[in-house]
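Attaching a single structure in structure tokens format; questions to follow.
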Amino acid sequence: MTPLELGRKILAQQPFSVLLGAELAHLAAGEAELRLPLRDDLLQQYGFAHGGAVAYLADNALTFAGGSVLSNPITLEMKINYIRPGVGETLIARAQAISSGRRQAVCECKVYALENGEEKLCAAAQGTIMSRD
Amino acid sequence: MTPLELGRKILAQQPFSVLLGAELAHLAAGEAELRLPLRDDLLQQYGFAHGGAVAYLADNALTFAGGSVLSNPITLEMKINYIRPGVGETLIARAQAISSGRRQAVCECKVYALENGEEKLCAAAQGTIMSRD
Amino acid sequence: MTPLELGRKILAQQPFSVLLGAELAHLAAGEAELRLPLRDDLLQQYGFAHGGAVAYLADNALTFAGGSVLSNPITLEMKINYIRPGVGETLIARAQAISSGRRQAVCECKVYALENGEEKLCAAAQGTIMSRD
Amino acid sequence: MTPLELGRKILAQQPFSVLLGAELAHLAAGEAELRLPLRDDLLQQYGFAHGGAVAYLADNALTFAGGSVLSNPITLEMKINYIRPGVGETLIARAQAISSGRRQAVCECKVYALENGEEKLCAAAQGTIMSRD
């Protein structure tokens, strides 16, 4: 199984990710791209992606990126800056490990909204993934 | 309309909050309590509440707490530390504004998992809510 | 040696803390209070405590609070919200562990400015301290 | 006056930055590089740069980067992940605005330790700078 196939299997085992409809588009050592097609029930009262949906996507992308270089990964913490309302067809979260050791990885993630073929930066996140081993 | 009634009306206008099943249990000036009954489809692959669901709840509780003392509130950023797996019947997020002015409020939030009548601390968050006015 | 005596000995071994003039006022299991008398050379261009001095104080108070319940502590990360300009005689940082296990502690800290006997909230921080063992 | 000259003038007006010995190496629209030669009194008890000195440098670099695209800038918040002990001759903080509008800029910063001509990533930070206007 490739890392991407394994990652997709794990994503399919997360009922919350299935509920939201997230898709793993890329997974390699220290890199992950997670996509969230923007359905109506992912929005807030103004018609934008709910901040909680954006936070979910960033959190999970960070975890996949860190988890790709750690065994038994767990997310310790993350921080997110919301930059622009999430509007369009799809949210795209791209995360990468900017450092990793045996015990932990520090990852960062940018979330983009894809609208009419154009990507706009919606949020930036940073977090710590740790191995439970 | 009381602040709580108004808050519940807003929550009901957030399709994402309706999808997840969040309930506003308390809303007063600078204080909010949001609850999330833990259904199977809010979990991750190990049977715990998905970090993204916890992040959603903290994010939204912070926004309600800050929004209760600001006009036209928008969440700028937040940070969350995951402390313990979310297991049990319900997640409870209690947020409060620790400072607020005309333009912004700084809020903190604790998320507890309620299991067999006992609350355990699951996560702690802190964030900035700003008025768009 | 009491925890406070040990803490003061460690603080005295930190040249940076000596340079800034920080004082450890309290240290107990999961609790620390660090004070920074506001000299002119701790300020920024508007006459307020420099954000970096506030960040130092919060960071170190978090580390002492977490370190009081962990062996071989190291600070993984922290986040700080600046709330009010730091003016007055002294900055006071009070930190506590809101959760701790064998491997890590999550701590929060409030920084107050003491002016004419009155404390005003200047900043709020949250961070993760980990044991290197 | 060029932006860099103006930035250096501002830095020289910050007594805390003068105390620590920070130098502004680069300043352009949305970009700043701040350097901190590692003297003994910037260290902690193990001989590494004190986390508070690293936090100061990241905080100030974020503020310069954001301030270069905003009028009357103030730092609302920042978060920092410590990645590797700061050892070597100099700490180098490079910050950039990843988004900016009239009212606020979101900036990120990497802090490197320069040792024997080699840069190693020490910390990663992210923060919000706001205009007081």
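Note that the chains are named A, B, C and D in the order they appear, and that numbering of residues resets to 1 at the start of each chain.
The definition used in the following text is that a contact is a pair of C-beta atoms (placed from the backbone, for glycine too) under 8 Å apart; a residue touches a chain by one contact, two chains touch by 3 or more.
Computed from a prediction, not measured in an experiment: that's the story for all the values here.
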| item | value |
| --- | --- |
| Centroid-based (C-alpha) most distant chain relative to chain D | B |
| More contacts between chains, A-D or A-B | A-B |
| Chain centre separation (chain A, chain D; CA means) in Å | 28 |
| Chain B and chain D, separation of their C-alpha mean positions in angstrom | 33 |
| Whole-Å gap between the CA centroids of chain A and chain B | 20 |
| Where chain C touches two or more other chains, by residue | 76-77, 79, 81, 128 |
| Chain B residues within the chain D interface of the complex | 76-77, 79, 104, 128 |
| Chain A contact footprint on chain D (complex, rising order) | 79, 81, 83-84, 98-99, 106, 108, 110, 121, 124, 126, 128 |
| Of all residues in chain D, those that touch chain C in their complex | 10, 13-20, 40-45, 50-53, 55-57, 59-60, 63, 74-82 |
